[in-house]
Structure formats: C-alpha cells, structure tokens
Amino acid sequence: MNVNLLEKLLRDVKEGRLDVPSALQGLRSLPFEELEFATLDTHRALRQGYPEVVFSQGKSTAQMKAIIKNMLGRGENVLATRVDAAKGKALMKAFPKGEYREVPSTFFVKSHPVKKSGKGTILVISAGTSDVPVAEEAATTAEYMGNSVKRLFDVGVSGIHRLLHRKEELWEARVLIVVAGMEGALPSVVAGLVARPVIAVPTSVGYGANLGGLTTLMAMLNSCASGVTVVNIDNGFGAAYAASMMNKE
Amino acid sequence: MNVNLLEKLLRDVKEGRLDVPSALQGLRSLPFEELEFATLDTHRALRQGYPEVVFSQGKSTAQMKAIIKNMLGRGENVLATRVDAAKGKALMKAFPKGEYREVPSTFFVKSHPVKKSGKGTILVISAGTSDVPVAEEAATTAEYMGNSVKRLFDVGVSGIHRLLHRKEELWEARVLIVVAGMEGALPSVVAGLVARPVIAVPTSVGYGANLGGLTTLMAMLNSCASGVTVVNIDNGFGAAYAASMMNKE
Amino acid sequence: MNVNLLEKLLRDVKEGRLDVPSALQGLRSLPFEELEFATLDTHRALRQGYPEVVFSQGKSTAQMKAIIKNMLGRGENVLATRVDAAKGKALMKAFPKGEYREVPSTFFVKSHPVKKSGKGTILVISAGTSDVPVAEEAATTAEYMGNSVKRLFDVGVSGIHRLLHRKEELWEARVLIVVAGMEGALPSVVAGLVARPVIAVPTSVGYGANLGGLTTLMAMLNSCASGVTVVNIDNGFGAAYAASMMNKE
Amino acid sequence: MNVNLLEKLLRDVKEGRLDVPSALQGLRSLPFEELEFATLDTHRALRQGYPEVVFSQGKSTAQMKAIIKNMLGRGENVLATRVDAAKGKALMKAFPKGEYREVPSTFFVKSHPVKKSGKGTILVISAGTSDVPVAEEAATTAEYMGNSVKRLFDVGVSGIHRLLHRKEELWEARVLIVVAGMEGALPSVVAGLVARPVIAVPTSVGYGANLGGLTTLMAMLNSCASGVTVVNIDNGFGAAYAASMMNKE
Amino acid sequence: MNVNLLEKLLRDVKEGRLDVPSALQGLRSLPFEELEFATLDTHRALRQGYPEVVFSQGKSTAQMKAIIKNMLGRGENVLATRVDAAKGKALMKAFPKGEYREVPSTFFVKSHPVKKSGKGTILVISAGTSDVPVAEEAATTAEYMGNSVKRLFDVGVSGIHRLLHRKEELWEARVLIVVAGMEGALPSVVAGLVARPVIAVPTSVGYGANLGGLTTLMAMLNSCASGVTVVNIDNGFGAAYAASMMNKE
Amino acid sequence: MNVNLLEKLLRDVKEGRLDVPSALQGLRSLPFEELEFATLDTHRALRQGYPEVVFSQGKSTAQMKAIIKNMLGRGENVLATRVDAAKGKALMKAFPKGEYREVPSTFFVKSHPVKKSGKGTILVISAGTSDVPVAEEAATTAEYMGNSVKRLFDVGVSGIHRLLHRKEELWEARVLIVVAGMEGALPSVVAGLVARPVIAVPTSVGYGANLGGLTTLMAMLNSCASGVTVVNIDNGFGAAYAASMMNKE
Amino acid sequence: MNVNLLEKLLRDVKEGRLDVPSALQGLRSLPFEELEFATLDTHRALRQGYPEVVFSQGKSTAQMKAIIKNMLGRGENVLATRVDAAKGKALMKAFPKGEYREVPSTFFVKSHPVKKSGKGTILVISAGTSDVPVAEEAATTAEYMGNSVKRLFDVGVSGIHRLLHRKEELWEARVLIVVAGMEGALPSVVAGLVARPVIAVPTSVGYGANLGGLTTLMAMLNSCASGVTVVNIDNGFGAAYAASMMNKE
Amino acid sequence: MNVNLLEKLLRDVKEGRLDVPSALQGLRSLPFEELEFATLDTHRALRQGYPEVVFSQGKSTAQMKAIIKNMLGRGENVLATRVDAAKGKALMKAFPKGEYREVPSTFFVKSHPVKKSGKGTILVISAGTSDVPVAEEAATTAEYMGNSVKRLFDVGVSGIHRLLHRKEELWEARVLIVVAGMEGALPSVVAGLVARPVIAVPTSVGYGANLGGLTTLMAMLNSCASGVTVVNIDNGFGAAYAASMMNKE
C-alpha cells in the first residue's frame, strides 16, 4: 500500500538509506498514487458493504464471467444489472451460489453478507404494471446495497385513490423512488404528499409522442412539486444508488 | 341564389330558350357555387348564435377595427382573442358597447343576445395561477358561445387534496377543459375521476426543459387516463370551441 | 362497506360503546376508504356497459390470459387491443367465445351483451389505406363500447372530391374521428365542413421527415379549423374512448 | 476580358512574340479565370433580364445603399427583399426612382425595363391573411423576374369551397406557389387538383406546437400528393426564383 | 359518364320527359359527381401516358398483385416503387411481361407503350455510391413517365473537379434532380452552375449526427443558392414526378 | 379546525344532539376536509421553520406585495425567488425588514427566526463565474431553509486541479449541489470523489449547440458516475429544496 | 497529360498547324481537365503513403472485394472500416495477406510498406470499456496512416485519478483523440491539462436521454476548455484522419 | 514553492526535526498542491505568449474592467471577445493603449509584444458576407495568439469558381478555418482540395429551418470529406485557439 510505501520512504530518509534529492524525485512521481490512495479511501468508505456493479448490456457472457470472477477474487459482493434471461442462466451455471432475478434482470453473488447500512426505509413506487421491471431494478439494487426497501406498485394517477389509500406508507419512508412512464405525473403527486426526497425515474413505457421516454423525462423535470430530482430513462439502478447515498446516516 | 339560377336554366332548356350543349357548358361552371351554398348552409347551422372570431395577434388596431366593423355589419356577434391592453382600450373607444376583459385578453361586441346553446355545463379547471389567462380565454369563449360555464382554478397536482375536495363539481360537468403547464399531470388525474370528455390545454408556463410548453403538450398526449384529447399550447379558444361542439344537443 | 362501517361507528359513539377520542382516531384512518368508495361509484357509473380494456403490447400470452380470465370472472366484457395474429390465435383457443379481428388487432370477449349507450353516430374517417388498421381500432373499440359506428375510408386530401362526394355522411355524424398520416391535413378539411367535435388521430404512416408520426401529430395540433382535438400517434383506442364520452346523453 | 487575353496570348505565340514555355506558364495560371468566364457566361444567360437581389435582413441602411448603388452602376435592375418600413423610406429617399412595397417588404429599382421571360402564368396561392406578406414576396419577386403572375389569397383548407370555387384559375397556371402556415395542408389539396409543379412555402404563422414554422415545413415535405417540392420557411423569394426557372421556355 | 348523364337529364327536360322540380332535385344530388368528373378530367390530362403508381412498402405481395391486376385491367401502365428483391421475384412470376429493377427497387408493367412527354432532358445527379438507389428510383420513374433522362453519379463535393468536369451536361439539362446524403452540399453547388430548376433529394445515407437524413434535408432547405426546391428524405419517386411536371410543354 | 369539527360532531352524536343519519350525511361531505387536514399535518411537519416560497417571474410588483403580505399575516417566513433588481427595490420599500440579494435575485422576510433543521452541511459548487447566480439561488435558499451551507465556486473541469485542491471540503459535505453550464461535466467528477448525494443543476450558460441549457441537462442525466440526480435548467431553488429534504435527520 | 496537350496546342499555333480561333475553341473546352490535373496533383501530395479507405457499412462482400481488388491494382494500400466479423472472414479468404482486426472492425491490405509520416505521437484516450471499439478504429487508422500511436483506455472522469495518474503520457502527445460516451466530459478535462490539439469523438454508448450519442456530441461541442474540436458520433476514422493532418510536418 | 516545502520536510525527517508519522500526515495533505504546481507548469508552457481571454457576453462593463485590470497586473496580454460597441468604447476609455475592433467585437491590451509562435499560416475562409464577424473573431484571435493569418472571404459554394480561383492560397496554408452558415457546405469542398486540417465553424446566419445554426452545425459534422473537425456555432475564438494548437512546432 501507498501509505506503507510513503512510510518506508520517510524511514529510509530518516535513517540515511535514501538521500533527499532521490526522495524528492521519488515523491514527484508519487502524487497521483497518493491521490489514488486518498480516493480509494473515500471509495472504500463509500462502498462499505456495497457491491461492485456491472452494467451487462453490450457485454458478452464470456466478458461477464471474467469480470465477475475478478471482482469476487477481490472479496467483493457483485451485482450485475440488465442481465437478460439467457445470460442469467449462463451466469447461474458459472456461479451456482449467485441469485438471478428475472423481472429486474439482475444477477447477484455474495462474497460476504450484505451489511445493513441505511437509516430508514426506501419506498419504491410504480405507476403501472409495465413500469415494474425498472421499479424492481431499483428495489433490488437498494436491497443489495443494504437498505430496507418497501414496494408500492400500480398506483398511477389515473386512479388516484389507489395512491391516497396508501398514504401512511408514503409518510413512513425516508427516501422515495417513483417510477412512471407515459405523462410522468406520479412524482409530482407523491412529492406533494411527503416531506422527503423524491427521486423520479422515467421509463420508456409508451409509444408515439412518448419519444422513448423522453417526454416522461422532460415532464418529470418540470414537476410542479418541490423536492423532486430526476435520473435517466429506465435508470432504476441509478435511482437506487442515489437513494442509498441519501439514506446513509 | 344558385337554386334559382339552376331552376331558371332548366326552365330555359325546357322551354327551348337554351340548347343542351349551352346548358351543359353552363352547368360545368356551376358545381362549386352549388357546393358553396351547400357548405354555407352547414356553416350557418354551425354558427347559430355563435360569434364570429378574430385572432388579434399580429393584426394592427386599424385592421382589427375594420374587421370587427365588417362583421357587425353582417349582424354577427364578434369575439376577438389575444387582444392586449392597449388594443383593448382602442377597441373599447371604437365600439363603446363592447366588453374588454384583461385577463383572458378578449374583446366582445354583441349584435344580438348570446343564445344559450349547450346542454350541460363546461367546467374549466386550471392547475396554477399562471395558467389563469389561458383558462379564462377558454371560459370566456365558452360563455360567449352560449354555454353555461364554471371555473375551478389553482387545483394543481402537487396539492392533490385541493382537487379532490371539489370532486362534486367535477362530476356535474358535461365537458371538462383542463388547463395546466409544467408536467401537465392534471388532465390525467381529472380524467380518472370522471366519465366525461376531458380537453387538455397545455400552457407555455414553465422554463428550461419545459421548452415553451412542448413538454407539457407531449406529456398530455401521453396521458395514462383514457378520454383525454389535446389542443395546441395556450389554445384556450380552441378548447372552448371544441367543448361547445361536444356540449351541443 | 364503508358507509356501514361509518354508521356503526356513529352508533357506537351514540350508544356509548366507543368514546370520542377513539372514534376520532378511527375516523382519521378512514378518509381514503371513504374516498375510494366514492370514486368506485364514479367508475361504476362510468363503465355502465363499457368493457374492461387491456393494452396487449409488451404483455406475454400467459399474462394476457390471466388478466382476461380475471376480468371475465368479475362479469365484465373484455377488450384487448394491439393483439398480434399469434397472440390472437392463442386467445381464441383459450376463450373460444371471443372474437379476434386481424386488421384492428383486437380481441373481444363478452360476459354480457354490449349495451347501446351513445346518442348518435360516430363516423370514423381514414385518409389512406395504410391508415386503416388504426381507423379500425377506433371503429371497433367504439362499437364494443356501445356506439353506432360508420366508416368512411380512403378519402385523403390529395383527391378531395372523394371526401366531398360523401358530405351527407359527414353531416349526419355526432362525433367524427379522423385518422391520417403524412401531412395530417384531413381533420382540418373535415372540421371545416361540420359543426361537430372532430378527434384527430395521427398515424405513424410515412417515412423520412415524417419522424414516426410526430410531424403528423404536430400538424394536426396546428389545424387551422376550430373544433379539432388530438390524441397520441396511432391511438385509435383513445380516440374511440373519448368519442364515446362525447356521444353520451 | 479573358477571351481577349487568351486570343492575344495565342496570337503572341503564333507570331513569335511569346515562346511556348512562357505561354504554357501563362496558361497554368489562367484556368480559373477561364472557369470564371465560362461560369459568368452561364450566369449572364441565367440572369437575362433578371434583377440582382439583395437580402436586406441584418444589413444596415448604409450598407444597403452602397450595394444597390454598385449594382445599378453595373446596369442591373435591383431587387431588395426583407426591407422593413424604415429602411424602405430611407432607400426611397436615396433612389427616388425606386419602388417600395410595404406588404412584401420589397424595394425595386430599374436600370432597364423588366423583360417578360416566362412562358405561362405563375399562380401564387395563400391559405390565410397572415400568410399574405410571404405570398406577396413571392408574387412580387416573380413579377420583377419577368413572369406573368396571378394571386389567389385566403383559400385555406378549413373552408375548402373557397379553393374549389376557383379551380379554373388553378388549371390555367403553369407553375403554382402555395403559401401556408399552421398544418400546411393546402399544397396537398392543390397538387391533387392540377398537373403542374407545385412549390410549397411554409410560413412561420402559428404558435405553440407550430415551432416557428417547422411543423408546417415538415408537414409539407410529407404531402400525400405527388408533384410538391418545398422551400425554407417564409422563403417567398426562393419559391419565386425556382418558379421562374420552371416557367422558362 | 357524368357528362352523358347530365346531357341526358337536360334532354329529358327539353323533351318533357322530366319536369323541372325533379330535374332540380336530381341536380342537387349531383354536384360532387359533377366535381368528380371535372377532377377526373384534370387527372386524365395529368396522366396522359403516365403510369399508375403503387408504393409497395408495408403492403403484402398478395395485396400488390391484386392492386396491379386491377390497374392493368383499367388499361394503365403500372409502376410499383420500394419493391424489395423477394417481392420483385414474386411479381415477375405473376406478371411475366413486367420489368423488375433491383437497384431502384422498381417493378413496371406496360399496358401500352410509354409516351414521350417531356420537352427536354432530366439530369439525375448523385453525390456518392450509397445514394445510387435513390437516384435510380428517380431516374427510372422519370423514364417510365416518358422523359428523356441522363445520369451523372458519384460527383460529390469532396472531389469538386468530378462535377466541374461535366459542366456541359449540367448546362444541357432542362430539370436537374440532385441526390445526396451526408451534409447535402451538392444541390447548392449545382444550382450555382445552372439556370434551371434544381430538385434536391436528401438521402438517409450517413450515421450519428445525420439523424436518418434529417440533417441533410435541413441543410438542403438552407441552400445558399437560389432555385433549389426540396422533397422528403429518400423520395426519389417524388422528385421524378415533380420533375416531370416541370418538364412538360 | 377540522379535528375540532369532527370532535364536535362525535360529541353531538354521543350526547344526542345529532342523529346518526344526519351525522353520516355530515361525514360524507367531510372526507376531503378530512384529507386536507391530514395533508396539512404533513405539510406543517414539512415546513417546520421552512419559508413559504413565491416564484416571482411573471408576477407584477403589486401581485408580489399582496402575496407576501398575506403570507406574513399567517406568521410565515417568506422567500421570493427570481426577483429582479427593480422589483427587489420595490419590495424593500414595502417590507423594510426584508433582505434583498441581487446576485441570486432573492427577497426574504422573516416572521420568526430561521430554525436550523439540517443535520450536516450542504456544499454548493459552481463550475464558472457565469453559473454563480444559479448557485447563489441554491445556497441562499438552503440557508433560508435552515441548513448550514458552504460555497465552492469557479472550480470547472477545464482546470481540474482547482477542484481536487479542495477535496477535503467535498468529503465533509452531507449533500452536494453542483451547478454547471456548457458540457455539464462537473457533477460526474464530483460524484466520483464522494459518497454522498450529488444534485446536478444545469444552467442556461452557453450558446449555439448549448440549446439554452438543454445540452447541459441531457449530459448531466447521462453522468457516468452513480449517485447523481438532476433538476430543471437554472433551478437552483429546486436543488436547495431537495437538498434540504436529504439533509433532514 | 494535359500539360502535353497544351504544349502541343501551343506549338501547333506557333508553327501554323492550328489557327487562333480553333485554338481558342480548343482551350474553351479544356479548363476543367486543366483543373483536374491540378487537383490530382494535390491529391497525390495528400495521399503520399496514406491508404485508400473504404467505408464498408451498407456494402456487400462482393462489392467490397471488387473495390479492394481495384485499389490494390493501382498499387495502393487499402483500409476498410466498419467490417463486421463475417465480412472480415470473407475478405481474409479473398486477400490472405490482409489483416483483419475484430475490435475496431478494420481490414487492411498492404501494397507497399506503411511510410512513417507523422512528426509526433497521436494519443488515443477512451473513457470506458464500451468506447474501446471506436477508440481502436481511431488508433488503428492512425497507425495505418503512418503515425506513431499510443493508447490510454478506461480513464473516464468518474474516477479522475486514473487520468491524472497518467499525465506524463498526455504531455508527450502531439495530438490527442479523446473518445467518450455518456456525458462526454473527458475531452474538457484532457484539454485543460495539455497545450495540444484535442479531437473529441462522441460514441453512441448510453441509453435514454443519451439519444444515440447526440447528447454526448452536443456536450463536447460545448466544452468549457479551449482547443477542442469535434467529429461525428462514433467517427473514429475521421478523428484519426484529421489527427494525421495535424501531425504532419 | 511546494518543491521547497517537500525538500524541507524531507530534510526535517532526515535530520530528526520531524518524526515519520507527522511527516506522513503532512504528506497526506500535500498531494493536490503538488498536483497544482505540476498543472501550473503545464499551463505556463501552454500560455507562452498567449493572451488571457475574457468572454464578455453577460458581463457588465464594471466586471470587465476589474478582470482586465487584474490580468494586466499579472503581466499578461488580454483578449476580450464578444465586446459590443458600447462596452468597447468604455474599455478604450479605461485602457487607452487597448485596441477595439468592431467587426469581430474584440478588445485587446498588450502587456508585452505578441510572440510569433506558429509554424505556418492559418487561413480563415468565409462563405458569405454575413459570416464575416465570426470569421474576423477567428482571424483576430489567431493573430493575437502569435500566428501568421490570411483571410479569404465571400467564397461560398453557390459560386464555386470564386473559391477555385484562389486554390494556391488554400494549398499554402498549414491550418484552415472555414466559416459558413446556411447549408454549411464550404468545409467539405475545401477539405477535398487540401491535405491540411480543416476546422469548420458554423454560424447562426440563416432563418427558418436553419434553427439558429444547428442545421449548419449538423451538416458540417456530416461532411463527406475527411479531415474536417467542428466547433460550436459562432465559435470563431475556439476555432482560432484550436488552430493555434495545431500550428505549433
């Protein structure tokens, strides 16, 4: 480790095994290692108990296996997202202790138990049944990152009573992830009912003027309710990651 | 009238004052006059009691005066939309019996009393205070077209209880015009609560990713609630006109 | 039911079986159930005779079967839209009393006879032969919702006489659905000929600068004729649903 | 002139005043002058009787005066487009023989009479009164380029009988320029009635989803009628120029 | 035919076989038939020798066969565009006298010889080899419509000498169709060299910021050279049709 | 208050002053008041010490004064955003105890001291000097909402050492708001250095391909670093509000 | 050669074998041949040692073989880009001395050794592993064009230390090609660290609001660091070609 | 300096004045200072003789004065871009030795003579007269950065002979900046004639479908000629800066 290296260098100087110009030269080449270790410290802090994450889309099964194997070798938990059924089957065969979930298209392998890290509950809400895969990606990711997670699905605004009926659950959450397609109205309604951070996740569910989710995304960015922040289309993982940051002590 | 002309032509043929080839030639030049009278009949039916309408934007005060004078000369009621305060003042001076309303930017002059034509009530709903000018354009136009109109303003989705509190009024309307900017969520919520036609009017209220109302428009076209149809951005007049068609016997 | 619950609570208070603070507490948890029954009433009113609707796109045949079976179990008529030929065949096998129509890609199963509900006729007009599937989705849906429906196909504006030739049919309709792709001009021409609500349905028929129907959609929103409202691209179902609302008593 | 220069060079070679290598060297530096004269020939042919054109937008009055003076000095007729009223007044003062027209915002000064050059008539059609300035830019430009021009204004598709009533005029034109804003439907209807080239000019008349004329432009490019070609938004001049090319012998 | 019907009606009136009121009634129901025959006259004039055209994209082989058979039955020449190789093979089998061309994806069957109708030559120019299919669609269509056609391919602006080398051919054409993808610069250069109408056809050749041809289309609409008009992306057929109109006497 | 009303109703029932059917009827009309009071409870909790907020853009000074006066009358602190210098001056005159800040364009009036509510520090980072107004709107809002706020301005990615030099400050924050225009890269770099929620605020600083901030917004939504959520263009207020939610106990 | 032709013409004039008018006529038809030889000279200079390039996308294997064979026949080195694995295999079989590289999808055949032409090193940097194919297209192309090339992959801004750690390599390059997807931030950071030209290559890596690379492209055009120029999405070849121009003496 | 600090720290360790843990702690806080000095070295190298640059748009005259004064105090030359006439006048008054140029809107003050730094000539080409301000911003900036600059204006592609006539000048340049609006075709033509880097600068000159320069920008990114890289709309400064990097030894 760098700290050890630095300590050794200083000891070498102290004890006369290294003269000052050579030490200086050595240090000049160090700063970024130095930086790196600093950063890694941060990252380590950041990752306490968090899994390493692999975005599978566009990667072959062979590439996936190699990456996961490497990560497991470092003693990390590993979460792969956007894993289709065929890849999931192949990964299960390669890592029989892993867990493949079809709806959120996630694959997870433990090196160590997931450490509970969040302070409160993350509530994942979805508007329609078609939004469930993205909502499940969010919920599953948040669980694997050590959070307590609840789900509240199929409560879109065209039947507003379904949401209002569950307001207690809204009030109990510490962070809310709201997943919706179409006109993307749900986060505005939710944010008007709670005093907690609301992360809006637009989905690409829709057709025509939906423009592959772009309309939903834009609508959410124009929410008339304060407290809403937005992530990219279908980015359930990103919402869960951000929610985990918000849910920390 | 063309019918008379036709009758005369036929009598001329019958009585030998016109030979067949000449009559044929005469008929060839007729069909569109024929068409026109047919169409005008339709239009007359359409306009029973409806005012003539002038879109003032981009027209000078002088042009406005000439047009209105001409229409009044035909015995019509006249409604001018998008009349700013300065033009409004000038028109009031020119037509002292007229009525200028500042918020909806409308100017109206009667030649005859407005005839009640609608069967039920048109309810105009607005999400925020900034949407009121467009909502008032809709409400005012609907009134001048002979409908019974109610208003329900400032009931946006970020405080959903404001809308739900007034659900009786929603249920009583025969046609609903819902005016909203930002994420445009209100028509979806309203359409989920009623079994009547809902006309969504996006407004250009907003900034940044709102894109001058385009985001709102697109969101409304993606409404997850059935029964919603949409008009152009800020088109309160168009919504009222369509609502009048729907409200007819 | 909630009303019974409420009555019981009040009686319990009246008769001393429940003290006021406990009753108060009980009422605090009630309002949304209260809301729900109110809303359900509405929905029941709304749906008198209307079928339940399933949007099939993105759903597996297995999911479709389960949903339809569930709905039939509630005694409802069921309409599935966007059902491709393969799914249609499978559903016919599962529900032999159903009716699959290939052009509009609809599947319908009756629990009870369709109740005539509309006051007048809904006329569905299409511009070109490629627009027929969307036009048929609209016409079929409107029929299953209990309306009297007429069709007027292949009367696009590049041969305007085809439309004008049929003007009587235009004048007789109570609501008009106009389906067109390309430059989307037909609704403007139709709305200029009638005094009834015109619902414009843009289709994704076209290429290049058509942008998957977006150009058509935008053009329709800019119709120079008053009385036109617009739904999402290819949304024949939505147009029919809105038309049914307009055609009610 | 280059032809003279070339002839002189060749005579010098012939008569021994110039040796071959020097002549060769001289020719190597010539080709583009050569090209230029060739091209100029073309351009001269092209411009027979056509005015030089100045696009005034973004140019100061002083710049305009200098450019026009220079062109007049070459014996050309000069047409300036997009000349607002203030500039027009200043130019009239500087060139009292000029002609300023307010509606099309054109200024024209003759050095020589306009030579009739077109074979038939160019018919300029406009949909609404707001489209007239662009239509007049087209009509005026076509006249100054020596064409016989007719105008047919305010015949938009929402009152289709107005156009049909004038079909004889449509049939008599050799080239048709159709100017429209909003949904841009008029060129499709016109092209369905004639067997002549139709140039569509979208205008920036409209608001909201009109997107400054972009919707109209796109719609026209998707015309369902064959024979329509399109120019840039508000480009009346360009349409007239192209029409002049089409109207040549 | 309607003319005959009309003549008969008039003769019946003349000769007392029909009274005036009945004739009047008969005429009232005629106007659009009247209109139709007028229009058909136009169309007949328009089509002298022109083939009927079928846009094959999105049509099944069975549909194609039926349509073509029907058209041949009316004694017309038939041109089908966008016919892929498989469909082409099937059509050749069904109509062995037809002609399938693979590059432009056209299928043509004669009922009568193609009548030469154009006055001059239509020159079809393409920028790159990838633009050839669209250019060939234009050239082939123009030929089948009776024009004399020349081709000048692979003369894009990045090697400008290739175009300039052929300037004589440019000068000899009466109408020029310029097909290009990428930055769409070629029409501007060509229009600067000739005094004839230039029809620009953008192709969808390109990637990334090309946006499926939209960039090319927009660039062409902004041509700095006068005399350029534009058609939809990949619309070789439309360009040829418009060019035929321009090339008429 | 509703609670009192309910209590009174129940006591009236208990003590026989109100029969059950009447009470039931009274309750049926209550639910939304019921709902409202529930919601208001939430809102009250939400707002503990938070100011009421007025978005000034598009409101007249007179409207502003009336709104602020009304809010102060309810004993609230009031924050007005987007207050230009002229309005600011007028408001200072009307409410001399208020505080107008020119750079963030905010006006604030206290009814009571701001209560410290956040657990940690909110760090507001800006990329360039032009982003400062938006950054200050965020910082100022966060302060008025009771948070401890630090600022780190002018540390854009083109001089990455400026940011890295301050990494301790990054590590100490509980929530980070990162304000940037142009390519919007700063949030990605910051999120790679910390394990806390990062709220990205795109600004409309830029020109040309910046598209009024849309490019920056889109880039931020595509951040390659996890943990970033995004708000609308120039929405410093919204970022601060969301950050306050995240910074709560 | 034209020079010979010209010389002969001049000698013919000099020696009386050709009179001046005929010579003049002969010269009039020459200019573009003249132009062409001039241009070809340029092109020859340009191509010293550079390979001929074939863009394979959209070309059949047969077409590819013919083109390559033709180029080899002219004694050129040939580089084909966008060659998928199947085509690559076929080309290897047809030209066994060729070299197919799978990651950059390039195929290269030598007619002569690649001549080192660049003055310094071109450094190709990529942000993520998914950007590697485009980065390799750039690196490979630059190598085949005779440049000394280094690679620095997987140094995206979310782990900024990875880049900073390698700053010596940045400083040593003469031209830098920076390939990135997502928010496209890397070129800004790199350009802030060096005083050399930086060519940014956006990739289509991403989803949702990435819009197929358009967001990345736009972001790069808005780089806050000076010295960045941009090429089309995924255009590794174009970047390498431009870099070669910059790397010349 | 940090180097001195480091040396002192090492000597203190060596000589026992500082123990190893304290030194280690001291080093942990150093790395970014270390980084900074490294980076500053780079920046110093980068800026040899280059002016500091201020983007004036959106800055007040007072802010401008303060910034320039500060920069001059550091002994730098200062270049301000986007300085309108009023600001220019004020700056001339404040810094009488400065130089204001109206067309490119630049203001320049020397602290020391501009050092010639470029190896060859930068040629700035513009298509039309309206593009001159942007072209002059590029040319002026390049001059102030120590380059030899030539100008070639008004050589747009609609009169291609104007460009070809000047080909010698094209061939002599080491870097070419090509400024154009409208369809943006000029860079493609230029890049086809030279073997040097071509930087394309789109301008916002145009209207309608030009979309404020976006069309031009997109077209340039799709150039069919290799060797073209692109900067943001109207970014003459950025092009000159990048050209200076390319023109270095």
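In this document, chain identifiers A, B, C, D, E, F, G and H correspond to the written order of the chains, with residue numbering beginning at 1 in each.
Everything that follows uses one rule, which is that a residue touches a chain if its C-beta (ideal position, glycine included) is under 8 Å from a C-beta of that chain, and two chains touch if they have at least 3 such contacts.
Here the structure is a predicted model, which is why all the values come from computation and not from measurement.
S.K.: Would you pick out the chains that touch subunit B and also touch subunit F?
M.R.: A, C
S.K.: Where are there more C-beta contacts: G-H or E-G?
M.R.: G-H
S.K.: Counting only C-alpha atoms to place each centre, which chain is farthest from subunit F?
M.R.: So the chain farthest away from subunit F turns out to be E.
S.K.: What is the chain whose Cα centroid lies farthest from the Cα centroid of subunit C?
M.R.: So the farthest one, by centre of C-alpha atoms, is H.
S.K.: Would you kindly tell me how far, in whole Å, the mean C-alpha position of subunit C lies from that of subunit A?
M.R.: About 39 Å, centre to centre.
S.K.: Taking each chain's centre as its mean C-alpha position, how far apart are subunit D and subunit E in Å?
M.R.: 25
S.K.: If I count partner chains per residue in subunit E, which residues reach a count of at least 2?
M.R.: 32, 35, 38-39, 159-160, 164, 167, 193, 208-211, 217, 221-222, 226, 232
S.K.: Applying that definition of touch, give me each pair of chains that meets it.
M.R.: Result of the pairwise touch check is A-B, A-C, A-F, A-G, A-H, B-C, B-D, B-E, B-F, C-D, C-E, C-F, D-E, D-G, D-H, E-G, E-H, F-G, F-H, G-H.
S.K.: In the complex, go through subunit G and note every residue touching subunit A.
M.R.: So the residues of subunit G in touch with subunit A come to 130, 159, 161, 164-165, 167, 205, 207-211.
S.K.: Taking the complex as given, what residues does subunit B use to touch subunit D?
M.R.: Where subunit B meets subunit D, its residues are 29, 32-33, 35-36, 39-40, 57-58, 202, 204, 212-214, 217, 232-235.
S.K.: Could you pull out which subunit C residues touch subunit D in their complex?
M.R.: It comes out as residues 127-128, 156-160, 164, 181-185, 188-189, 191-193, 206, 208-211, 215-216, 218-226.
S.K.: Which residues, counting only subunit A, touch subunit F once they are in their complex?
M.R.: 35, 38-39, 42-43, 45-47, 53, 164, 167, 171, 193-199, 217, 221-222, 226-232, 237-239, 241-242, 245-246, 248
S.K.: Over in the complex, which subunit E residues touch subunit B? Could you list them?
M.R.: 3, 6-7, 10-11, 13-14, 16, 20, 23-24, 27-28, 31-32, 34-35, 38
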